[in-house]
Structures are given as structure tokens and as C-alpha cells.
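A, B, C and D label the chains in the order they appear, each numbered from 1.
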């Protein structure tokens, strides 16, 4: 399956990109997928990261499906 | 001594005037003066009244002097 | 009624951007908040009080506000000084409108700028409570078939 | 960046005058507060957050705000629904600005209209705290000689 992964702010800087597409085995768990993304961009490990699946905060147990929109970002700092 | 007495809102309606001048014995206490004003306009007695002497809230112990500005009004309702 | 304004009073208890004012002109909420912005602050909390259409089920046609103007300004000055003594705030702006106000028009604006927003919220809420208790301003409610001067609770 | 706006969403948890929006345009604090005025209410409390010149002694040149826009709007919608569930309030308006903001420019406005001002103060303070915790927006601080993305505390 193919998923898109979005980066914002600090994570976009660390990944050197704002969006990638990655292939994964079907029905992977969110925590595996996000783990792989962090392995791919090791500088992300410098940050406390938050994850989202389809624009909702993800805990890690979620099952990822083909076409899902994932996002990796640091703790929010709006306001 | 002569003092001016100001009325506002409900007390102006009850007194039928916004300002009067009254003569009093020198060095009268505020509570005597205000008591006399209420006697002069008995309908003021329909209200819980606040008093001011020279634009400061008065407790009643103040000594009134010639030329002082007194005011009689109801509990404030701004905002 | 002429517009009354005291701004940047020299009193030692007053900060240089504080202001308080009573006016018969319409109030611009955003502009009032902006007058008290210091470079060191990050938050302004503003209360905008306005004329309700219904009070306790009765429909208001309009309100008339009246003040003991010089005493109201003195009491507002005291309020601002007390707010600075009690809260960690930078500046305060208070404007109360007088005269006839239609439904939805703003009668009072209180803005507080502070380095930390907690203090701004606390001080703003305290200021409106105290203003309604101490500043000699009264409102007359005009409704269909009558009118009445509102008397405060204190 | 195009202006984004969702207004009067049909969701059952939303009141008809609620709105929330992210935008790259300058914010008019008074106009935002006024959008949420219902006839039954008497008070609006507004938080105006803006760009400080100094943060922890360092002088900021400007800020850049970035959002995960669709998720930010979803989280703002949830915030408004939670505020209605927790507080006795009538309407909520939230607008966050994105892009480059100069010193003193408003980055976020949260206005709450309520029949009783206590609830308006409480809900407004709660909303800014929760917005800073949950809504995916980030700020980059640009100062002389460098820049850094600010990371929240949660």
C-alpha cells in the first residue's frame, strides 16, 4: 500500500521535504510505519514527535490503509 | 455655609432636580446634612442611597465645609 | 455631552499606556485594546459589554447611561491603580459610553495587557466587577410602555 | 496562501454563530468579537494574542506561523464543540493568522459570547490553553542571526 507522509515546521526542515510517499505492507500498525519514517530521517529523532493519521492525532495502534494521509510534527506552538 | 447637592438618575427623578444649593450650620456632619436632604425630598427614601462628598464616597462622619459638592445617588449600575 | 478623556495621567501609580475615558461616541473595541499594547506583552484580554435585547424576559428598546462624570473618572483612576497593585499586568484601558445606546451597541470596554495571559484574564474580570460596584454610572432601561433606572446590588 | 474559512458549520454540536478560521490576512479584533453577538447575551470576552518584541530577553524580528490546515480546522471545530459542552456560552469565534507576522501584529483572536461574563472569561481562557495544546499550528521565531521553530510543551 502507498501512504503519503506530511511534515511541518521543524520536521519539514529535518526531513528536507514537506511530503513523501512511502510503500508499506498492507495493514501495518501506525507505530511501525512512523518508526520506519523516523529511521528514514534520523534527525527527526532530535525532537519529541506527534503523529496524525488522516488528520486525527494517532496513538500508534491505528491500522494504516492504502491512501491514508500521515503526518509527523513537533508539539504545536500556535497562539 | 452653602453646599451644592447633585442628584443623578433615579435620585434626580425623585428630587425633581439635578442640583440644589442648601444652607447648613458650619461644620455639620455629613450624616446630618444627608438626613436633611432626604427629609426635604421624602421620595428619596424609596431607594437604597449612596452619598459622596467632593466626589468621594462618604460614610457619614465627614465634616462638611462651605462650598463642598455633595451627591446623592442609588447603587451604581454601569457596565 | 462633550467627549471626556483623561489619558496618560501623571500619577505615580499609573503606567504610561493606561487610559480611562467616558465618552458619548461609539466604541471601537479593537482600537481600544490596541492602545495598551506594550512591546513586552503577548496577550490582551478584553471585555466588551453591550446592550442586550432581553433582560429577564423583558424586551429592552434602548438604554440611557448617565454618570457623575468627575467622580466616575476618579473612581476609574483608583480602579486602575488597584488593578496594578493586585495583578501582574502591564496596562489597562477602560472606556464607558454614556447617553442613549441601542441594542447591540457596546457600553463598556475593558482591556488588560499582561506578560502572562492568566493575569490579564483575572484582572479584566476583577475590573468589570469592581467597575459595576464603584464607578458612579447608572443605566435607565427603556422598554415598551415604561422606563426604569436600574439600581445596583451594593 | 489562500484565505481559509469555515463558517456556520452544519454540525449539530455547533451553534449557528460560531465560527473558526485560519487566514493569512490581518485580523480585526473588534470585528471578530462582533460576529458572535447574539441578542440574548450581554458580554463578550476576547483574547488578542500578538507578536512580542522580546521573549526571554531575546529580540524577535518577526514570526512565521504554519499550520497543518485541514487538521487545524478539524481541531478548532472540536475545541468549539468541547467549549459548548463544558461552559454556559452562546457563541465562540476563533481566528488564527498564518504566514509572516511583524512585532505587535495579532496572531490569534478568541472571542466568547455568554449570558454571564464569568462563563465567557472561563471559556475564553480554556480555549486559548487548549488551542495551544491541540491545534496543529507552529511558529518559527526569527531573530538577529538565526531562526528556530518553537516546540510546544505537550
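Basically, a residue touches a chain if its C-beta (ideal position, glycine included) is under 8 Å from a C-beta of that chain, and two chains touch if they have at least 3 such contacts.
The structure displayed is predicted, hence computed values, not measured ones.
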| item | value |
| --- | --- |
| Chains contacting each of chain A and chain C, listed by label | D |
| Most widely separated chain from chain D, with each centre as the mean of CA atoms | B |
| Euclidean distance of C-alpha centroids - chain B vs chain C, Å | 26 |
| Interchain centroid distance [CA atoms averaged], chain B/chain D, Å | 49 |
| Shared interface positions of chain C, touching two or more other chains | 49, 128 |
| Touching two or more other chains - residues of chain A | none |
| Touching chain combinations (by label order) | A-D, B-C, C-D |
| Sites on chain A touched by chain D in the complex | 6, 8-10, 13, 47-48, 50, 52, 55-57, 71, 73-79 |
| Touching residues (chain side chain C, partner chain D) in the complex | 28-31, 33-34, 37, 39-54, 103-104, 117-118, 120-121, 124-125, 128 |
| Contact footprint of chain A on chain D as seen in their complex | 49, 65-68, 70-72, 74, 96, 107-108, 128, 131-140, 149-154 |
